[in-house]
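Once you've had a glance at the structure underneath, I'll fire off some questions.
As written, the chain order gives the labels A, B, C and D, with residue 1 at the start of each chain.
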Amino acid sequence: MTALRVAVTGAKGRMGAEVCRAVEAADGLELVAQVDQGDSLDALADAGAQVVVDFTHPGVVMDNLEYAVTHGIHAVVGTSGFSPDRVDTVRGWTDANPGVGVLIAPNFGIGAVLMMQFAAKAARYYESAEIVELHHPNKVDAPSGTARRTAELVAEARAAAGLGAMPDATTDDPDGARGATVDGIPVHAVRLRGLVAHQEVLLGDAGEMLTIRHDSFQRTSFMPGVILGVRRVGSVPGVTLGLEHYLDLD
Amino acid sequence: MTALRVAVTGAKGRMGAEVCRAVEAADGLELVAQVDQGDSLDALADAGAQVVVDFTHPGVVMDNLEYAVTHGIHAVVGTSGFSPDRVDTVRGWTDANPGVGVLIAPNFGIGAVLMMQFAAKAARYYESAEIVELHHPNKVDAPSGTARRTAELVAEARAAAGLGAMPDATTDDPDGARGATVDGIPVHAVRLRGLVAHQEVLLGDAGEMLTIRHDSFQRTSFMPGVILGVRRVGSVPGVTLGLEHYLDLD
Amino acid sequence: MTALRVAVTGAKGRMGAEVCRAVEAADGLELVAQVDQGDSLDALADAGAQVVVDFTHPGVVMDNLEYAVTHGIHAVVGTSGFSPDRVDTVRGWTDANPGVGVLIAPNFGIGAVLMMQFAAKAARYYESAEIVELHHPNKVDAPSGTARRTAELVAEARAAAGLGAMPDATTDDPDGARGATVDGIPVHAVRLRGLVAHQEVLLGDAGEMLTIRHDSFQRTSFMPGVILGVRRVGSVPGVTLGLEHYLDLD
Amino acid sequence: MTALRVAVTGAKGRMGAEVCRAVEAADGLELVAQVDQGDSLDALADAGAQVVVDFTHPGVVMDNLEYAVTHGIHAVVGTSGFSPDRVDTVRGWTDANPGVGVLIAPNFGIGAVLMMQFAAKAARYYESAEIVELHHPNKVDAPSGTARRTAELVAEARAAAGLGAMPDATTDDPDGARGATVDGIPVHAVRLRGLVAHQEVLLGDAGEMLTIRHDSFQRTSFMPGVILGVRRVGSVPGVTLGLEHYLDLD
């Protein structure tokens, strides 16, 4: 079996460099091009790349994607800033180039994606749901994007199942101990020296609790998700939003 | 909307009595017959029962089921002892009475079923998987049936994904601290005064861990699962094994 | 060995009734008087009580205590509302009756008291400390009194060790996900159907975390603390505030 | 204030090198000598070292200690292999050189030491106690030394309090799911890719559970304990076994 030919854009960035290492270490993948600022995108086609991985920035990612799709190269994208308008634009390119697949994902941590999916699936069976996320103390925003996204998914699942507001008799909370509320779901943010990125979703009903927790001990733990994306993107034509669609959860 | 007419066999048993209370408390359900030892099964048909819930014992459950299916009454069964032979026999009855549904489930705890299903779905993405179950100290068997079943499901998922043996460099374990191995999955049983029934499935890979934990604080926490079964059994003809098939997990 | 003679005031109240049962079930204790509204306190002396347990209310507890101390009866008190003034008054009575002991405690849960003491002892060794308390959704106040008290103890320990503010780079928290701050310690309150009373104290430093968690699965779990108080109060003359002083923690 | 003058033996070893870095980074400490294989111990006295840190090996540690104590240099020792005989020998040296302190500790992780101490203090109040340790899958021994030591301390505390065997009705455990038993305390060992070194002590009684958990996310997390030892060893003459004696736990 010949190896899948993979290129990386933003290859000198912190993330891009790790992607390069991960591609080189993965069975059945070959790193054929490393492109960074100032390099011509033609290096992708010249190297015969079949898939490109893009961890760059919002200012250049659209050019990179247009080049890839129009040259028949599948793309796995971790760059942020994909508004609905931008997604529509990419979809226009893939419509014009049937067979080309693009995966755009805000989170390549397989465990975090599984946590979110399981929480959403379980939510309809539980009267109460809350989220506790825990991170290192250098994080500037609270709650985390993953916690916010989890809350939205849980809220959608509750609404679809016809569940109303959660039980909560709190009348006296002068200091805000009950935390934030995102789409009706309480979200709590802990910041602790020594931690990296952790989250638990707590689902409660009469006499029982279901807890789904993800611990990320190292920031490199998203690489298996990137590699999984690289392997599958060629068989999923069009634009796919979110790694969860590549996981076999059904 | 007219209420669904529900009968209970084994109505005076510990479980049957709780089912009676749960049916009476549930919206849209009406308890129309309570049958116990010495009562004629004709009480079911006479009362116009549409669904019967059976928590009895292996010696009588087959007679109960034959009566129910041949009289067009759907059945939700928590009685133990269903060998493949017995299941085939029941399937013969439902084949002869198309449209009648029978749900046979070893565990009606929705949370426990969700835990098992999620663990199985996640297992293919993790190099390591272990199970820790924790129960009150009056339990005579270790590990629990739920832990055993979880291990089997995780092992099946790993095999289907082509995963081999888990990494484990242990060479020195004179006292058996590594616990039991069920289908290749390490299982640990804790017994502690004050606990009821708890389990966590730990899934580990480079730099991350996914934990799925279920806490049962009261033994009555399976009633929502029974009621869910009662509501759905009429729309699922034939024999169904396991509550997981009634949950919307896809 | 003759049994210790114990009386209970507020014997018909929810707590008092449980205390009566616990005293009767305990080795070496004899329940000799049960006093409630309308009964004369002379029943205590008449029955030869050596210790009285008082779970009544702020309007009567001072009269009960004055009677007990002046009659040479030790007292274990779970009634709330003890201001510094009230404590001084009781101390005046015990000064005048040397040898009589009075234990006044806001919390008789041994586990909760241990959690608080351990958290305070460990706090000086950790850069970060936060508290997450979890309760049933019928609770009206947040955070819990135990969480507030834990935060105070942790803050005192940090100050005594010369620790400054905890690291926290949060600049963007529009919805209050970071929770309440009690004496500088972040406190988070979760409310979930199925829970009773739970708390964990998280202590973090470079590369490590210490977690001290207490789960109360039943509201009766404070009885061992009351019985421990009854057994020891006779050997600790004067007024003692808090069950922690009766525990062998050193 | 002049800095405390610190030397390191085994300075080129993995641990010694980290100690050098930690000493250099610590306020009020000065690294004045780094000694390794082939160097003369006279470098310690020549540099005016007040404290020496020794992470070497059993073959040389006794010579190092004799030199240090007889030259009036305090010693913090993480080297293994200290039999009672060896400890007696060191004690002979410190007896002859009053005022010199030697700390010999098998574990410099402050959090792990706190966990063990708290578990031992709490054990007398709980009917049940079990230990779960979790490590990376490259570990060859099970259970860990820390888990073994924790079990011994818990067992001693239970015996001192007159507690008998723990409740356990298990009669059917064909595969050893109940784990190892160390001094009567069940100990379970989990091995999972992604983990480093973790342990939880579970203490249960009627209606409640106390959990003390330590997570070590990085192997360098023992450096604060070494530095604490360096700072205090000069004020604790004689031989001290175990870092717990330097912590303010009372």
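Definition applied: contacts are C-beta pairs under 8 Å (C-beta built on N, C-alpha and C of every residue); 3 or more make two chains touch, one makes a residue touch a chain.
Predicted model, so just to flag it, every value in this text is computed and none were measured.
Graph distance from chain B to chain D, where chains that touch are one step apart, equals 1. Touching chain A and chain B together: C, D. Across A-D and C-D, the chain pair carrying more C-beta contacts is C-D. Averaging Cα atoms per chain gives one point for each, and the point farthest from that of chain A is the centre of C.
Centres computed as Cα averages put chain A at a distance of 41 Å from chain D. Chain A and chain C have CA centres that are 46 Å apart. Separation between the centroids of chain C and chain D, computed from CA atoms only, is 34 Å. Counting only residues that touch two or more partner chains, chain A has 194-195, 203, 205-209, 217, 221. Contact residues on chain A toward chain C in their complex (touch as defined above): 126-128, 130, 132-134, 137-143, 147, 166-182, 186-195, 202-209.
On the chain B side of its complex with chain C, the touching residues are 194-196, 217, 221. Against chain C, in their complex, chain D makes its touches with residues 109-111, 114-115, 118, 121-122, 124-125, 200, 203, 205-221, 224, 247-250.
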